[in-house]
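What follows is a group of structures, each given as structure tokens.
Next come two complexes built around chain A: one with chain B, the other with chain C.
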Partner chain A sequence: MTIAVVGGGLAGAVATLALAERGAEVVQIAGPPGASALAAGAFDLAAASPGVPWLAARDALRGNALSALERLALLLWEAPSHPYARMFGRDAAAAASAARAGIAALSRWLAPHGAALQGDFAASALLACSPGTLRPVDFATPGPAGGDLSACAEIALIDAPGLAGYDARFTARGLAAELAALGLAQKPVRIIQNVWPEGLLDAQPASVAARLDAPAAGEALARALRGCGGAGCVVLAPPVLGIARTQALVAQLAEAAGCAVAEVLSFPPYALAGYRFERALRAAVRASGARVIDGRVRALHAGQHGASHELAIETRTGAQQLAARALVLATGRFTGGGLAPSDGEVREPLLGLPLHDAEGRRIDGIPAHRSVRKGYATWQPLYTAGVRVDPQLRPLAPRGEPAAERVFCAGELIGGFDPARERTGLGVALLTGLAAAASAAQALQ
Partner chain B sequence: MTQLLRTRVLVIGGGINGTGALRDLALRGVPCMLVEKKELGSGTTWASSGMIHGGLRYLQKDPEVTRHSCVDSGAIQRIAPHLVFRIPFLMPVFPEDPIGPEIVEIGLEMYDRFVPLKNGRPHTRLTREQALTLEPALSPRIDCAFTLDEWGIDAARLCAANALDAVEHGASVFTHSEAVELLREAGGRVVGARVRDRLRGDETTIEAELVLNAGGPWGPDVAELAGEKLKLRPGKGIHLVFERRVSNLAIYARGVDGRDMFTFPHEQNSMAGTTDDDYYGDLDKIETREDEAAYVLEAMERSIPRVRDHRVVHAIQGVRPTLYGFGAYEDELSRDYRIIDHGQEGSAPGIWTITGGKLAAYRLMAEDVTDRLCGALGVDARCRTAQLPLPGGEAPLDHAQLAKRFGIGIAAALRLGFRHGARAPRVLGGPNGQRTVCACEPVLEAELRHAAASEGLRKLVDCPLRMRLGNGACQGASCAAFAAQVLADELGWDGARAVREVAELAAARWHDVAPVLAGQQVAQMEIHRAVFFGMIGALEVLP
Partner chain C sequence: MKRGYRGFLREFTRTGSWRAISLQVRTGAAHMLRQLFLRRSGDPVEQFLAHYGPDGVRAPDLAARALALEASQCVVCGLCSLECARVGGAPPLDPREAVIATSRLETDLLREGLAGELASGAACAGCDACSSVCPAHIPIARVQDRLRALR
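Right, the complex of A and B next:
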């Protein structure tokens, strides 16, 4: 009674872990990294959202903040095409309890690998981004998690001369401007210089981070930071605090500094947070006992009338066939390969599922450029598009009936929302991954 | 608060005609200033094919244009050898072509007479097999093919180099500064302009003995400020820009209507184009349309059958200030230029217009108009623009030695040397100068600092023109924030300004990408959006 999970990002990993925990026979076809691996380290369940037009994007920053669960509840009313609304209708209590269970499960799975999320359902943390902007965040990975600036008394930035993509003075200038623009209390911002042990710093964030995985290097940096903080201070570091042991290193540095230490949120190609996150997820899946095939599904034949689904998988060592009784599709959107432009038109390549934008228009079979609009910040149909699902996360055919038996969708493959603008890609991946796993398990009972 | 400046000649328009004339005036010792409402070379010049080609297609109807272009191409290679690169062309002949190889070759033999003027090699005729060996991407349906030589150039950098040299010889250049009103004497004579700085919002009055309208397609708007009517036949042209080089040689292609186009390697990319269509729209909102892109790709597909497998990253679009002509198709219109003394031909003495022409002959046009302006001013000085090198063209640069001396990669040394020539060592100086800001090009931090500190760069969104930053596949997602950090440091921007600059760059790149969004670029722009929306908390700053 095998269940196949297709996709190696957060949604696929969560579905696999949930099924393994239920004792199901699950195979994850992980494939190459997708959008999760590019994450900045923030994890939002339901960010202040353009799906909620009257809720300004930065209200959370201006102090009239809604909690994550309140925003989740709002979304159910205001954005009926959103995957959350598909799953929970307008039942805010059900959404809230799913969110709590999801965060708890993810933390349980990631904790042994030093990657547990930190955060709070009641209040957003205000984290600093590398350009000096502020961002309200529900949860965060261990690197940036300690950097909440909302209540701090002082900000100190670690200088890192020559490091690509990071400039402490620039970030400091930006933070001062952001605090002023938002009408928040000004805080002293200072730069901490000359902390890097000899031979540790160069231009490449990834190589600096790899060097900091060596305990001796971490200790040397901790010595240099000794006593640099003070009560109420937050020390912000470039996003290079290790790869395999970030959580331990951040704790070690915080203890030395005498205050919170956190990385600034940073973005590809200078971000390592997503890479660390995916690394920990893969470790968790391995530890769960689930079988993992590192490959791509080349062809998928959906079984009808109770027959098994047939998957043709291509791996580095050759082709494989797999039969599965149920299927979780967590293939992502364009970055993950779940949607692909072929012959100039946008399609879902595995099952040819119909694709809809957030306003319900079909966009599959149409050239990509016809589904975009002028204006970068405006609503873009192409980037809200994906598979439409029912509350069990079954993909729907054009007339609204399930498009296949025992097939369930998770993550950004599901359309109806814009992960970039709403920043809820990871939150959706988590809740839909869990729900798809539950639906798949139930379908086989 | 209005500042008052005085000069002898005020040039309006910072494209190749404006900057070319400014340099000529400055080298002759004439005090002069230039105002450009956006960035140097950001209009027609940026949208050109970036070639100083001889104009084979004008040979039949406009042989003078071909001769001018070839003569001036030779001069440009002499004064700016670092900015110029050879582009060998391959012209396939198909069995169904109305003009067979023998006739084509007669045309090329005629062209060969002009080619030595621009240091090109004479054409060669290749058999089908030879052509396919040379360029395997070529269609196997060809009968035979010809080669000919043309030259590519970084047109925006050519504008900057002309402006820079003018400034070094006493001229002043104001970018993002728009002439909003022409100053008139009681008799109607134009004696300068009121200029608004579009970034700061303040105004300057520039009094000048003569005003030169080098507004390109915007020329009629400038003339209108003097109550003069200038009639052009604006022709829109688009290019598609591929992620990398599609072929090593430029390849001729023919549109469904028989027009000649080509795919050509240009700097780090290949480009394909161009179109030529009458344009009646808003000059400040030019966009590539779906049918234009389809028309170009269809043409390319005939010569390069697998061209659609390559990733089109973005389009470039612009409008030519083609001279007015009635009753002719766009392609048949003259590519010649005109100089108008509005005192003689109209009723606004003191203002002149230069319009039309080709990038390849910009220096000759500048010489011509400067001769006329100097005549009007009573200045007796000879043109020296064909003899004196442009900044960087003074001596050859040893790229390997540059890389070694400053500890930079050879690719970065080559690209820096390409734009700055012999002055590249001067650009690499300060601390952290060797950091790579844009990996696609690549662009080093030092070049960005130099452009802001010494070359009048004022905005992040202008960097794709100045140094091709943000022009690669990632469209600035990897470099915009980093580049803004560097510029903020040089130009004293506060954090809010820096974020606005980043948002503007993101939006400008989207403008050029969206109309041709397809293939792998769809995923690339998904990441682009995640990066920019992720880093800019404030959606309201996004244009």
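Right, the complex of A and C next:
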């Protein structure tokens, strides 16, 4: 009674972990990482409201914040096409309990690998991004998690001359401007110079992070930071604090500095938060005992009338076949390859599922450029494109009936929302991954 | 409006700068004189490559072109660079930059001296850790090989 999970991102990993925990026989076809490895290290369930994406963020910055669960409830009413609304309707209590259970499960799985999420449903943290902008964040990975600036008395930035994608002075100027623009109390921002031990710093963020994984290098940096903080100070570091032992390194630096130390939020290849998050997920899946195939699904034949699904998988060592009784599709969108261009159109390559945008229009079968609108501030139908699902997360055929038996979708493959604009990408991956696992297990009972 | 050469000349003199026009005329005249008096016998392709080789022009290579097309699928995420650093690789060219470079014209690479930079320095070990994390399925080790082979 094998269940196959296709996809190596957050949704696929969560579905695999949930199924393994239930004792199901599960195989994950992981392949290369998808969009969740490109995350900045912040984890939002529902960051912004879909109509005015910046409004909720700005409100939070002004201290007039809605909590994560209030924003989630708002989203259920405002965006009927959003996967949250597909799963929970307008039942805010059900959404809230699923969110709590989801965060608890993810933290439990990631904790042994030093990557447990830190955060609080009651209040969001205010984290600094590398251009000096501020971002309210519900949960964060260990690197940036300690950098909450909402209550700090002073900000100190670690200078890293020559490091690509990071400039302490630029960030400091941005932070001062952002605090002023938002009408928040100004805080002194200073720069800590000459902290890098000899031979540790160069232009490549990834090499600096790899060197910091050596305990001796971490100790040397901690010695240089000794006593540079103070009461109420937050020390912001470039987003390169190690690859494998970030949590321990941040704790070591914070103890030496005498205050909170955190990475600024940035993206690969200048930051490693998403990459670490993805590696921790893979380690958790390996530890769960689930079978993992490193490859990609070349062809998928969905079984009908109770027959098994047949998957043709291409791996580095050759091709292999897999039969599965149920299937969780977590192939993502454009980064993960769940949606792929084909002759100027966008298609779902494995099952040819129909794709819809947030307003319910079909977008496969028409030229992709017709799903793009002029203007930066407007929403883009192409970025909301994906598979339509029912509350059990079964993909729907054009007329609204399930398109295949015992197939369930998770993550960004599900359309009707813009993961970047609404900043719900990781939250959707988590909640739909868990729900798809539950549906798949139930379908086989 | 006049047609033909005189019409062209009138348009050209009205829109172009005198410096551009004189350069055009001088190059044209030099080309005609070379064709008349300095014409060498031999394989025209070799002659062409001998003439334009220093500018980075090479005979077309279909395999390289196919690889460049694959490399043009790059989404510039940089995961290959992170994986390379994690496994302790030290290639002369960062994998992400290598992929971006390959999707460009070889002519540009040769003219900018990138090929020489690759020939020196420590070599990529070819462990292929980079392509295992590539969301666009680009064979990055082959891209590095191709760049090293560029002369």
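Assume the second predicted complex is superposed on the first by the 438 of 445 C-alpha atoms of A that agree within 3 Å, B and C clash if a C-alpha of one lies under 4 Å from a C-alpha of the other, contacts with A are read in each partner's own complex, and residues count from 1 in each chain.
Throughout what follows, a contact is a pair of C-beta atoms (placed from the backbone, for glycine too) under 8 Å apart; a residue touches a chain by one contact, two chains touch by 3 or more.
Keep in mind that what you see is a predicted model, and the values were worked out from it rather than measured.
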item: Three-chain arrangement built on chain A, chain B and chain C clash or fit; value: clash
item: Chain B versus chain C as contact partner of A:T335, first or second or both or neither; value: both
item: First, second, both or neither for A:P131, with chain B first and chain C second; value: first
item: Partner chain(s) touched by A:R370 [first = chain B, second = chain C, both, neither]; value: first
item: Partner chain(s) touched by A:R296 [first = chain B, second = chain C, both, neither]; value: second
item: First (chain B), second (chain C), both or neither touched by A:A210; value: second
item: Touching partner for A:P32 - first (chain B), second (chain C), both, neither; value: second
item: Touching partner for A:G415 - first (chain B), second (chain C), both, neither; value: neither
item: First (chain B), second (chain C), both or neither touched by A:Y383; value: first
item: Touched partner set for A:P268, first chain B, second chain C, both or neither; value: both
item: When the two complexes are fitted on chain A, the stretch of chain B hitting chain C, from 80-88, 116-124, 152-160 or 170-178; value: 116-124
item: Chain A positions touched by chain B in one structure and by chain C in the second; value: 35, 38, 268-270, 335, 337
item: Complex contacts: residues of chain C adjacent to chain A; value: 75, 77-79, 81-82, 84-86, 88, 94, 96, 132-135, 137
item: Touching residues (chain side chain A, partner chain B) in the complex; value: 35, 38, 40, 42, 50, 56-58, 61, 129-136, 161-162, 164-165, 167, 169-170, 173-178, 181, 203, 265, 267-270, 333-335, 337, 341, 344, 346, 367-370, 372-377, 380, 382-383, 419-421, 423, 425
item: Chain C-facing residues of chain A, complex; value: 32-35, 37-38, 204, 206-207, 209-210, 243-244, 268-270, 272, 275, 294, 296, 316, 335-337
item: Chain A-facing residues of chain B, complex; value: 287, 290, 308, 431-432, 435-436, 439, 477-478, 481-482, 484-486, 488-489, 494-496, 498-499, 502-503, 506-507, 510-511, 514-520, 522-523, 526-527, 529-540, 542-543
